[in-house]
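Some structures to go through are shown next.
Shared between the two complexes below is chain A, which has chain B as its partner in the first and chain C in the second.
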Partner chain A sequence: MRYLLRVNMSDLTITKEDLPAGWARYGGRALTSAIVFAEVPPTADPLGADNVLVFAPGLLGGTNTPNGGRLSVGAKSPLTGGIKESNSGGQAANALGRLEIAAIIVTGKPADPDARYMLTIEADGSASLSRVDEWAGVQNYALADMIKATRPEDDRYSTITNGPAGEAGLKASGIAVSDMKGLPNRFAGRGGMGAVMGSKGLKAIVVSDKGVGTPAHADKEAFSAALKTFSSALKEHPVSGQGLPTYGTNVLTNILSEAGGLPTRNFSEGSFEGAEATSGERMREVTLERGGDVSHGCHTGCVIQCSRYYVDKDGHYKTKGPEYETVWSFGADCGIDDLDDIAELDRICGEFGLDTIEMGATMAVYMDSGKIAFGDGPAAIAALRSIFEGGEPGRVLGDGAEATGKAFGVAHIPVVKHQALPAYDPRAVQGIGVTYATSTMGADHTAGYTVATNILKVGGDVDPLKAEGQAELSRNLQIATAMLDALGFCIFVAFPVLDIPEAFNAIFEMTEAHTGQPWDADALMQVGKETLVYEKLFNDRAGFGPADDRLPEFFKNVELPPHNIKFMVSDADLDSVYDFVPEVAAQMGLE
Partner chain B sequence: MTVRMFGLLHSARAAEGLPSCVEIEVPEEGTTARRIALDLGLDLDLIEGVFVNRTVYDVGHAVMPGDRVAFVPYGTPGPHRFYLGLYRAGRSKTGQDGDLTD
Partner chain C sequence: MKVDVALFASLSEYHSVDGDTRTRTYDLAEGTTIADLISVLGLPDQPRIVFVDSRHAEESAPLHEGQRLAIFPPVAGG
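After this line comes the complex of A and B, so read on.
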């Protein structure tokens, strides 16, 4: 039976609670958002005792569901000022799911701001807090080694760790999650979740699942049959079975540059002359030449295997990926065409615990100020290091693109709800602009990711350069994505789900067979809608309004080469995206 | 004109020791993306769409001298497959060319 583990950092108590019946259908993002909605005053200080930090595996977490091992991290965001769910790969969700922990809810904050704690959850379900003040300021990779030294040699465990950026309360800080080899290279990166963890004095969480099996299914035979169908679909589909395993997410660099939608030099152009040099195709060649690993899963049960290890010129591990968004942010957006420089910037973010999307966008804004030149990789590395190692520009970078832009007088600051836009220019890809503008998360490329035509009867027919149809497409994609996040799925499962009807059916068949409750397509989508209702109502109560669901003015006023196009979706269309909320909120008994 | 080949098309070319970016001649009256793909020995079943002057079309689309062309295989992740029109292009492959014949 799934349960909640509540950790009170004010009085250092840990309690186990039954999962409320009303949340029995929730996991992952649905659960983190429901808990934040229920427990956090919308106007609370994100770094105060009234905020909560929630870690939740998906509803299918801990099972051997293919690609069902994502972790949702939720809280009120110090970056956006609204609700946040930041989603990570890595092993922790699988371990929590095996232990049948629906969520860890971290509340309060310690009286001593210099105190550091490690939460340890053992395989028998016991949990304890230990004082680790000597780990203050330790970077993520060294921290992983220190934790390893505390564990039995034959243990099987995963880690959730907070680097110095989170401890310092920086708004661009993220939380690291260990991968299958124990490397802290997967991140709940967006929205300053590291700062929330830091405010609670929590330096690390260790979850041991040694010897713990997968949770029992209500109907094992039916679950296995649906799993087999789903796994086959993932393997046979060209996106999940070929494109992603071969090149990883960075297969997008060449495509977006060719489409004129790759934001370049702080969103001033849509095509990057260095795209080929930083592409997934090139990265694969470089990695293979140096003896790196070009395909593995980031968590147990991954059959897509799109993760990779980038190695330096001597063949030594440097960082994971880097993923497409990181290659873009420190590459095209900064005008840098050297993969080794990009990998170094990624590693520094990994050590400090910083969101690579926010930091690349921040660096581009800083470059736009003229303080350092676009394309100067070594200068960017020095600037990033200055956050903790001294020199210019220093700590301001760690608070993100908006703070940096304001500090250095930059006119074009690409943020929505104070969060930097990811790797797709909304003028060349109008639909993603709708999602950036309206997402409850702030500008977020993953918020409207996934399922379309055969399930939602939309998609595939919109023109990327026109406004028509974009709001409806974005709405349905946001609902479907929230559903996948609630189940704990990697969003890349969306592609076979779209093209292979049996794959979508397998999702609710697995859910039904695991939980023993009736599920169908409508029930899945209802969870997605309810998730968005919690998030929208929280943000409304925190003071957000229609003006916050807008792109920065320059996207509407400045043409983007090479298409020479502006963002054209009307405010009325943007305001229609969440028009389902009142009806669903009433169904939920909310206002 | 310059023709680029991305993703798995890049790999397929590399496996044969061929470059993924080539210069070709196009007749004055134009041709089609399908014809170019066939001339380059690309497997049409691998191609989901083609950029012509930075906009996605199906492979039946006309190509004129001076156009910019890039072939995209199946396997593009993200919502961009929809937002950029790749999904539509892949679904609309009819086996027939648009304005020109092979």
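After this line comes the complex of A and C, so read on.
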């Protein structure tokens, strides 16, 4: 039976609780958002004792479900001021799922702000807090080594760690999750979740699952049959079966540049002359030349295998990926066309525990101020290091694009709900602009990835340069994504699921066979809707209104080359995206 | 007429290029369509994403002097 592990950092107690019956259909994001909605006052100080930090594997977490090992991290966000679910790969969700922990709920705050704790969950389910004050300020990779020194040699464990950025309360801080080799290189990056973890004095979580099998299925045979169908679809679809494993997520750099939608030099152009030099194709060639690894999974059960290790000129591991969003943020958005500079910036973020999307966008805003030049990689590296190592501009960068833009008087600050826009310009990809504007998360491409349909022609074809159809597309994808996040799926399963009906059916067939409860397509979508209802109501009560569901004015007033186009989706269309909320909230007994 | 043609990802190997680009300039007869060129290049029979001057294009469309054609296999990420 899945259960909740509640860790109170005020009195340092740990308790196990039954999962409430009303949440039995929830996992992952559905559960983190339900818990935050139920337990956090919407106007709470995100870094205060009233906030909670929730770690939840998906409903199928711990099973052999292909690409079903994602981790949801939830809290009230210090960056957006709203609810947040930050999603990470890595091994921790699989380990928590095997232990049948539906969620870790971290509450309260230690009286001593200098105290640091490690939460250890052993394979027998026992959990304890230990004092690790000497680890204060330690960066993520060294921290991983220190943790390793505390574990038995034959252990199998995963880590969730907080770098110096989170300890310092920086709004761009993220939480690191170890990959299958134990490297702390997967991130719940967005929304300042590291700062929440830091406010609770929690430096690390260790989860051992040595010798622990997968949770039992209600109908093992039916589960295996559905799993086989699902796995075949992932391998057969050209995107998940060929494109992603061969080139990784950075395969997108060239196509977005060709489509005129790759935000370049702080969202001032849509194509980057350095796209080829920073592309997934080029990155694969460089990595192979240097003896790096160009295809592996980030968690047990991954069949897509889009992860890779970037190595330096001497063939030594530098960092994971870097992923497309990182290559874009420190690459095109900063005008930097050197993959080694981008990898160095990615590694620094990994060490400090900073969100690479927010930090690249922040660096581009800083460059736009004229303090350093677009394209100057070494200057960007020095500026990023200055957050902790002194010099200009220092700490302000770590609070993100909006804080930096205001500090340096920059006119164009690309944020929604205080969170930086990711790697698709909403003028050339109008659908993603709807998602950026309306998502409960702030600007977040993963919340409703219309790029699939607008640009990549997966799951249909909606013209990226027109306003028509974008609100409906975004709504449907936001609901479907919340559902996938609740089950613990990597969102890349959406590419085959959108194109292959059997793959979609296999999702509810696996869920039904695993839980023993009836599931169908409507039930899946209902969980997606309920997740968004919790999030929307929380944000409304935190003070958000329609004016917060808008892009910055310059996207509506300044044309983007090469299409010379503005964002055209009407406010009425934006306000229609969440029109299902009142009805579903009433069904849930809310409002 | 001269047309710049860029082939990406797994399609890159279907033509040789100069320098660090995936682009080559072709001298084509007037009226040549995208489909005609795809046939000449011998691209595999699979779905493709095609752009002409940064806009999605149908493969039946004729090419014109000075255009840039970019062809991708099915790819995605995020």
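Rule of thumb we're sticking to: the second predicted complex is superposed on the first by the 580 of 591 C-alpha atoms of A that agree within 3 Å, B and C clash if a C-alpha of one lies under 4 Å from a C-alpha of the other, contacts with A are read in each partner's own complex, and residues count from 1 in each chain.
Just so it is clear, a residue touches a chain if its C-beta (ideal position, glycine included) is under 8 Å from a C-beta of that chain, and two chains touch if they have at least 3 such contacts.
Just so it is clear, the model here is predicted, and its values are computed rather than measured.
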{"item": "Partner chain in contact with A:Asp579 - chain B first, chain C second, else both or neither", "value": "neither"}
{"item": "Which superposed partner A:Ala277 touches (first chain B, second chain C, both, neither)", "value": "second"}
{"item": "First, second, both or neither for A:Asn254, with chain B first and chain C second", "value": "both"}
{"item": "Partner chain(s) touched by A:Asp520 [first = chain B, second = chain C, both, neither]", "value": "neither"}
{"item": "Which of chain B and chain C A:Pro562 touches, first, second, both or neither", "value": "both"}
{"item": "Chain B versus chain C as contact partner of A:Leu244, first or second or both or neither", "value": "both"}
{"item": "Contacts of A:Leu473 with chain B and chain C, given as first, second, both or neither", "value": "first"}
{"item": "Which of chain B and chain C A:Phe495 touches, first, second, both or neither", "value": "both"}
{"item": "Touching both chain B and chain C, residues of chain A", "value": "238-239, 242-244, 246-247, 249, 251-252, 254-255, 258-260, 271, 276, 280-281, 445, 449, 452, 463-465, 492, 495, 562-563"}
{"item": "List of chain C residues in touch with chain A within their complex", "value": "6, 8-10, 12, 20-22, 46-47, 49, 51, 53-56, 70, 72-78"}
{"item": "Complex interface listing, chain A residues touching chain C", "value": "237-239, 242-244, 246-252, 254-255, 258-260, 270-271, 276-277, 279-281, 306, 323-325, 445-446, 449, 451-452, 455-458, 463-465, 491-492, 495, 562-563"}
{"item": "Interface residues, chain B side, partner chain A - complex", "value": "4, 6-8, 10-11, 20-21, 51, 54-56, 70, 72-85, 87-88, 91"}
{"item": "Residue ranges of chain A touching chain B (in the complex, touch as defined)", "value": "238-239, 242-244, 246-247, 249, 251-252, 254-256, 258-261, 271, 276, 280-281, 424, 429-432, 435, 445, 448-450, 452-453, 459-465, 473, 477, 492, 495, 562-563"}
